[in-house]
Structures are given as structure tokens and as C-alpha cells.
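Shared chain: subunit A. Partners: subunit B in the first complex, subunit C in the second.
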Partner chain A sequence: MRAKKLRKVIIFVISVLIGLWFLIPVALITLSAFAVSEDYYNPHLIIPRHFTISHFYKLFFTLGAGHATMVSLLVAGVTIALSFILGVPAGYALARYRFKGKDSLKLVILATRMFPLMILAIPLLVIFMKMGISDTVLGIALAHTTMVLPFVILITSSIFAGVDVEFEEAAMIFGLSRAKAFFKVTLPLALPGLAASAIFAFIMSWNEVFVAAILSLQNRTLPAHILSTAMDSPDYFKFTAGFIMAVPALIFIYFARRYLVSMWGISLK
Partner chain B sequence: MLIPYLLFLPTLVYLAVFMAYPLVQAIILTFTSESGAGFTLSNWYSVFSDPLFWEALKNTLLLTGVIIPLQVLLALLLALFVNSRFRGYMIVIYFITIPLALSDVSAALMSYNIFSPQGYLNKILLNLGLIHEPMYFFGFNVKSREFWIIVLTEVWRATPLVFVILLAGLQMIGKEYFEAADVFGFSRLQKFFYITLPLLKTSLQSALLLRTLFAFQIFGVVWLLAGRDIPILAGEAFYQQTELQDYNVAAVYGVIIAIISVIISWFYLTFLKGTKELSES
Partner chain C sequence: MVKVVLEEVTKRFGKTLAVDKVSLEIEKGEFVVLLGPSGCGKTTLLRCISGLEEVTSGKIFFDDKDVTALPPKDRNISMVFQNYAVWPHLTVRENISFPLRIKKVEESEINRKVRWASELLNISELLDRYPHQLSGAVARAIVVEPSVLLMDEPLSNLDALLRVKMRSEIKKLQEGLKVTTIYVTHDQVEAMTMGDRIAVLRSGRLQQIGTSEEIYHHPANLFVAGFIGSPQMNFIDVRLKRDGEELLITADGLEILIPSKYRALLEESGEDSLIFGIRPEHIYLKEERGTVPFDAEVYFVEALRSDTVVHANASFGKVVVKLPGDVPLKEGEKVRFFINTGRMHLFSKKTEKAFF
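Our next item is the complex of A and B:
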């Protein structure tokens, strides 16, 4: 009985330590993002007492983070659109059809997922300059799509595989064409999973910094903007910027935690 | 009959245009002189004769070699702990997954927030009277401290990614194995080494492979926290490209990272058994 109680206490203590370990850095940057600079520079004050949103205001409206955030959102949007237009049909084909060369195609997708995106950044810059789309949202999004596409294909194929094929067949027996059966039956059932993978694609694009920083100059994405300006800025701007970068990731984790284990399981396996 | 191919066609065209073609271009760039004409080995020569390249290679290897084992070990411990399914284990999973989607840029700035001269750690130590001057963790003079802050940051940020893979692997191990082990009177340790670990091998390998590949491309954390105090391969590629505008040398760095990635993948797939499952998963 006492051993059992002791076990419970130990488990509780370890759980709390784990929680603190992962929570504290996020909590602290949140504090710093809102703390007035006097509190930050006061060596006797550990936890800031006065808070302000003026760092956000300055970052967004005078230091270019507003434009950069806009670029980031647009890049992510175009990336999601492109990778879904290309990837959903391919994922569907992998889940529903048997065809010659399917295994090799799957292997190609798996291999591209392991491919280091950075090697593409430099030649893409040269190519985009020739095409006249260097330093544009479209250019960065095209590069990000090559990174996101294999993940979208793998995730969507497993989502479609999870939707029972019998629903689709039943719809076809009732006279719907295959395409109609897909749009009326399979797609709605797959929608929550697809939405989660869209958010996953968003996060991949939102977080990517190397390629975005190389491909852009005036139209920098937010991480690229932070990379090139943060270390010359006062500290409190760094923390505000880091906090802004973190917000979508934290929201995503909150909403997608149901799909979390399975999705990362697929995408990182 | 043609439908699946038609569904796949756009993807293949896209990958050919935006992945295969630039890849070929990158290789061509490495053999092109700066003036843009003629075949030359000078880019490769200038990289290999640059001591900074070797230092960058060494640092990248060193960071990978320190970060990956720590991540895998911690993630394994966390996954085993959570998988014992005590009351409230879901809450613990939720805490562990907090950094899962965070970018390296965010994580680096969170570290900086704690370890900067005016950061929380220094303030706490100062107010406890343990130190009288702030400790410096960043700067050329304290490179080894920078190194360990980078390790800490990467372990903090990416351990959850390994954790998720391992937890998924643990959850797939059937209960009946452990029940059988109970019948034979296996100890806890025996169960771990004879059942859990062998059955977790596939997940461990895929986690190892992917994390190693990503570790070799480490960039944002190092660039923000240490700049070029600690040169790394991706950082040198970035520097050559953005500061020196030397596309050709930058391309050499890119190709070297790609070659190392191929070698790592080949190594994992050849020398570690159980690769069949990996390519099928």
C-alpha cells in the first residue's frame, strides 16, 4: 500500500518536472514579449510587473514585421493550395488504386521527403531571377511546395485509406460516378483529417527559414526577417518576434492534438 | 486503368521541374566559374582548401553526434514513462508536445530570453547572490557555452518529434507479448530488452534517420545564437550566398550537405537491419 502511494507521488513529481521543462521557455518568452523594457533591463526584477503591447505595435508598423507576416501568410496559403491541388489526387491514387509502379512511386515520394531542401535554394534563386519571380511570394511558395508536397501525399493517402472504400462503392451502386462519389462521400468524411494536414503544411511553411531567407530580399517572410534583423535589435523585440512566430504553432498543437500522434507518426516515419 | 497515373502526373511534373531540374542546376553551378563560362574545379578546390569548411564540417558532425543520442534517449524515457498509462498521462503528453510545431527561430529566441546577459537565469542567480556579474553565454569568447546552449535548445525543441514517433511505436506493441512474458516470469528489465526494444526497432530507426538528416541541416538555431562563432555547413552556404554572393561556392556547400544526407540514409538503410519496414512505412 505504501509502495503504491510512493509510486504515485514519484509519477506525479516526474510529470510536474516534465511539464515545467516544456512549459517554462514558452511562458517566459510570453512574459518578455509583453514586458515594458524598463522591467526587462531592471536587474532586481525577475518577473516583470508592467506590461505593454507597444513592442508588437512597433515591430508590426515600423520595423517591417507586419509586411513580413503578410508575406509569410501569403506564402503559406499559396503553398497549401499548390500542395493540395497536386498532392490530394496523388494521395488518393496511392490509397485507392492498385497499379504498376506504385511501389516505386511511393519510394520516390519517401525519398523526396528526406531530400535536403537547402540544396535547391541556390539554383532556384538563379532560375527565379531568369523567370522574373525572384523575391516574390510565388517564388518562395513554389520552393516550399517541394518541401510540403511529399508530406501532403503521404498524409492524405493514409487519411483516404482510413475512409472505408465501401461508402464510396455504395454511392457508386446508387448511380454516382467515381468522381461524384469522391466529392460527395469520401471528401466530406476525410475533411477533418485534410484540414489537420493543411495546418501541418501551414506550419512547415511558416517555420521554414533557410530557403525563404535566400529567396527573398524585400519580401521577406517573418522568420527570414527575424533572421536578418533580430540580432541587431534590442532584446525585447527579439522576444516579441519569437513570440509571434510561436503563436500559430501553439494554436496548432492545441487544435490538432487529436491527430498529432498519428500525423507525425506518418510524416516522420 | 490510366486514372492513377493521371492523378500522379501533376506531382511528378512538379517534382521534375522544381526538384530534379534545380538539383541538376546546383551540380552544374558547382562546376561553373564565377564569370559563368566553362568547366572548373576551382569552386570545390576553394571550399576544400578553406579551413572554415573543415571547421564547419567538424561542428556539424559534433552537434549531430551530441544532439541525436540525447534526443533519442530522452524521447525513449519520456515515451516509456507516458506509456505506463498512469492517471492523467494525456496531460503529460500534451505538455511534451508543446514545442512540436515550434520553429527553430522561435526556440532559439526562447533560449536567448533565458540565457542572455539580462535573461532570467542571470537575474535569478544575481538576486540569489550566487553571482555578482552576469554570466555570458553568447559571444566568441564563450564558444563552448554557445555550443551547449545550442545543444540544449535543439534537444528541447526536437525531442518531442522523436517522442511522438516512439510513442506511436510503443502503442503498436501488442499486450499479449507482455502477458506471455509475465507467464514466464520475466523481470521488468528483461521485458524491456527482449520485447520492447526489439519491437521498437523500426520506429527507433526511422526516428534516428530523420533526425540525423535534419540535424545535418541545422541552421536557424546556430545562426541566431552563435552567428559564425560556430561555423556550420548550412550557415557557410548561407553566408557564401547572402554575404559574398558567391553562388558557385554556396552551391558546393549545398551539394556537400546533399551528399552527406545520401550517405547517412544509405548507412542507416544498409547497416541497420529491419530496413524493409522502413521503406514500406
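Our next item is the complex of A and C:
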């Protein structure tokens, strides 16, 4: 009995420590992002006394972070769209059909991730310039899609494998063609898993900095923009930039987590 | 409802032959059961009839229409799946009305039919809940009044008590609707109690099709004889012996006269090494007219109370005897049993086909 209680206490302490490990940097960033510059530089203050949103204002409008955030959102959106248009049918095919070379194909898809995307970025820039899509949302989104596609394919294929094929067969018996059965039955049932893939794709694209930095000059994504701008700015701007980077992802996950969790069978209040 | 005709239907998966030239005719409104052990091809055959699998060769006809190339949605069939496949993201009502909606049936008609189907299955109060059950799957299947109703082991996920109840419900339902029904199962009790006729399959081949009476009392081959009936039929290796005009089958401690009507058949075959079959319930403790005795020593007794199943060792080998009621036999006891020769079977060792 005592051993059980002791174990519980130890687990609790470890969980708190791990929680703090993640949360303290987040708290620090948040506090510094909103701190008035005098308080930030004051070595005697850990927690700032005065708060301001002027850093955000400056970053967004004067320094162009607002524009960059827009670009990042658009790039992430286009990336999700492209990777889904290509990846979801591929995932379905891998889940439902048997064909020659299926296993090798899976391996090849995964193997593309072995290739460092940064090395690809410069030749890609040359090609994009020739095509006239360098420094555009489309250009960056295409590069991000290649990065994200293997994950979308493999995640959706396991999601579709988890939807019992009998549901589709029943739809086909009762009057739907295979394609219609996919849209009316499989897709609704696969929604939680697809939401998870979308979150994955969003976060990968949102956080990607190197390729975006190489492929864009004026239309930079937020991480690329911060790389150039905020790094040369006073310190507190870096925290503000970090906060801006973290927030959309948090919001996205907050709304989409209900789908994730329903997939894993826990109920949320 | 339609008549279903299968002409040499064959289905291959790569190198595996799942269904081997099966030909069958199922009459309008008949309830036919496809019976056989796991992997015998019965579910594959059902899926070929439904159109979910394309046949490798052969033809399928509904009445005079060749449906072999038609996709499932154009065959006007319904199917109840082993795991029901009732869509979890739709309510029971939405599930049942789905086939009608796809056929673009008028709304008031849909409501009428859904009410009819759900009342028939006793689930009218559950219509707006989310489904988990067999009854929903069956209601959804009958609501379109299909030409052919297909069922793939629908009772296998139920406990024993529920299974018995649903067996009679489904059968009564089918009798009322008079829809041509093809039902797959590996459970011979289901087959024997529900099927107008039973088609026994093994390794993709049709072994025998007939009523439960025909299958049970006149099995066409060794496999059918051994598969149907519990406990299994006794099989004893015997030799054919001639005694003047008479033919006898003999084994150690056993000698049985062959009825004259079968004499020519056996002599023609030229075989003299055969397999003798007798069901456990056709061996008695008491002598009666037309019985042949043999001696055995009891080595295990199963006291079921409704019957007693006795496992015994005779000089010709092991034998299982099913006696009615509670019989107080003990292990080691030496007993004389009597075989009802009017119920005996003889099989060729070479072809496994039954002589009688």
C-alpha cells in the first residue's frame, strides 16, 4: 500500500517537473514579449512590472511581421490543400488496394524524407526563378508540400485502414458507386484522422524556416522574416516574434484537438 | 424476388483458387444456406453474387438477366454483413432510409417504409439513436425489398441465447417477405434449422446441395457425412467379402450383410477396401430387428443428461455412441452395442463418394 502511494507521488513530481520544463520557457517568452523595454533590460526584475503591446505593433506594421504572418498562413493553407489533394487518394490506395510493388513504394515515400530539403532549396530557387514563381506563396507552398506529402500519405493510409472496409461495401451494395461511397461514408468516418494530418501539415509548414528563407525575398514567411529582421533588432523583439510564431499553432490545435481526441476515444468536456 | 443461377462460377486471388466452378440454381423465394468450414469459399461466393468481387470466370443470372458484369448497386440486392456495417456516423433512421434515399424514393414513402421495416424488427423506439445492432442492419437490408437478400454470418457475433432467438426471427421474416435469400454460415445448426436447402462447400467446390433431410440421411460423400451431425459420424475401415451370392463388409469383430439392391453397384466399382459410416445415434444398447452386434469397452462417458455420449474401444477401432437419456455406463465396462444397418453408409476409399 505504501509502495503504491509512493509511486503515485513520484509520478506526480516527475509530471510537474516535465510540465515546468515545457511551460517555463513559454511563460518567459510571453512575459518578455509584453514587457516594457525598460523593465526588460532591468537586471533586478524577473517579472516585469509594466506591460505594453507596442512591440507587437512595431513588429507587425513597421517591421512587416503582419505581412509575413499573412504569407505564412497562406503558404500553410496552400500546402495543406496540395498535400491533401495528392496525399489523400494515395493514402486511400495504399490502405485499400493490393498491387505489385506496394511495399517498395511505401519505403520510397518514406525515403524521400532522408534527403535534406535545404540542399534542394537552391536548385529549386533557380528553377522557380525560371518559372517565375520564386518569391511567391505558390513557390514556397510547393516546396513545403514535398516536405509534408510523405507524412500525409502515411498517416491517411493508416487512418483509412482503420475505417472498416465493410462500411464502404455496405454503401456500395445499397446504391453508391465506389467514389460516392468514399465521400459519403469513408471520409466522414476518417475525419478525426484527417484533422490530425492537417495539423501536422500546418505545423510543419508554419515552422519551416530555411527553405522559406531561400525561396523568398520580399514575400517572406514569418520564420524567414524573423530570421532576417528580428535577429538584428533589440532583444525584446525576438521574444515578441517568438510569441507570434507560437500563437497561431496553439489556436489551431485548440480548435482541432476535439477531432484528435475523438479519434483516440477520450471524451472532452 | 428472383431466381438465381450460377454457372461454373470461379474466383481466383492471384494463385489461390477460392471458388472452383460452382454451379447452383436457387429458386424464387428460396432460403439457401452456403455451409462449410472456414476458408471453404462460401463468403467469397456470396461476395461474387453481390458483385463486391468480380468473378474470374463463369456467369451469374438473376432470372434471365446476366448480372455478372454489373456493379453491386445495379443488382438490386441487399446484404447483411458479419459485423453489420451499420454506419456509426448516422442514426438508425438514417441508416435504414439510406438505400431508399439513394434510389430517390419520395419522402413520405421513405417514412412509411422505414416505419414498416423498423416495426418488423421491433426497433421503432430506437430510430433516432445511434446504432450498434443486427436488427438495424437487417431493417436496412429489407427496406428496399431487394431481388436477392444476402447474409454473411450475421449471427456469429451474438451469444448463444440471442443466436437461437434471432435464428427463428430471421427465418420467420424471410418466410413473410418471400425474398430469395442466400445465407452464409459455418454453423451447421443454423444451416439445418433455417435453410430450405443447404449447399455444402469445401475448398471452393460444391460438395452437395439438398434439403436438411437429404444432406443428413443421404450425404453424397465422406466430407459431407463427417461435417454434418454432432457428434461426428463413425467411420470404420472395412473389407468387402464375397460369401456365395452374398456380399459382406467385414472388420475385426464386425460382419454386416449388404442389401441385395446395392450388390451390383459395389461389384462394379471393383473396390474391396471401403469406409463404413454410421451415426452415433443409430447405435443402440438393445437388440432390434435389423441390427448387427459388436462388443466394445467404454473409455469415456459424456453425461449430457438429455443424452449420453459414450466413447468406446471396439476391436475394429474407436466408436462413439449417442444414447437417449441418462445411461449409467462406467469407464472400463464391457458392453454389447447394436448397429442399425438400415441407417448405414458406405464410402469409396478412393473417391470418397458415397455408395449409399
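Here is the rule we go by: the second predicted complex is superposed on the first by the 238 of 269 C-alpha atoms of A that agree within 3 Å, B and C clash if a C-alpha of one lies under 4 Å from a C-alpha of the other, contacts with A are read in each partner's own complex, and residues count from 1 in each chain.
FYI, a contact is a pair of C-beta atoms (placed from the backbone, for glycine too) under 8 Å apart; a residue touches a chain by one contact, two chains touch by 3 or more.
All values reported here derive from a predicted model rather than from experimental measurement.
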First, second, both or neither for A:164, with subunit B first and subunit C second: second
Touched partner set for A:107, first subunit B, second subunit C, both or neither: first
Touching partner for A:175 - first (subunit B), second (subunit C), both, neither: second
Which superposed partner A:87 touches (first subunit B, second subunit C, both, neither): first
Subunit B versus subunit C as contact partner of A:9, first or second or both or neither: neither
First (subunit B), second (subunit C), both or neither touched by A:189: second
Contact breadth on subunit A, by residue count: subunit C or subunit B: B
Partner chain(s) touched by A:149 [first = subunit B, second = subunit C, both, neither]: first
Contacts of A:32 with subunit B and subunit C, given as first, second, both or neither: first
Parts of subunit A lying in touch with subunit C, wherever the complex brings them together: 164, 166-167, 169-177, 185, 188-189
Complex interface listing, subunit B residues touching subunit A: 1, 3-5, 7-8, 10-11, 14-15, 18-19, 21-23, 25-26, 29, 78, 81, 84, 86, 88, 91-92, 94-114, 116, 118, 120, 123-124, 126-127, 134, 156, 160-161, 164-165, 167-168, 171, 203, 206-207, 209-210, 213, 216-217, 219-220, 223-224, 227, 234, 237-238, 241-242, 247, 250-251, 254-255, 257-258, 261, 265, 278-279, 281
Touching residues on subunit A, where the partner in the complex is subunit B: 8, 11, 14-15, 18-19, 21-23, 25-26, 28-29, 32, 40-41, 43-46, 85-87, 89-90, 92-93, 96-97, 99, 102, 105, 107-108, 110, 112, 114-127, 142-143, 145-146, 149, 153, 203, 206-207, 209-210, 213-214, 223, 226-227, 230-231, 235, 238-239, 241-243, 245-246, 248-250, 252-253, 257, 260-262, 264-265, 268-269
Subunit A contact footprint on subunit C (complex, rising order): 50, 52, 71-73, 77-79, 81-83, 85-89, 98-99, 102-103, 140, 144
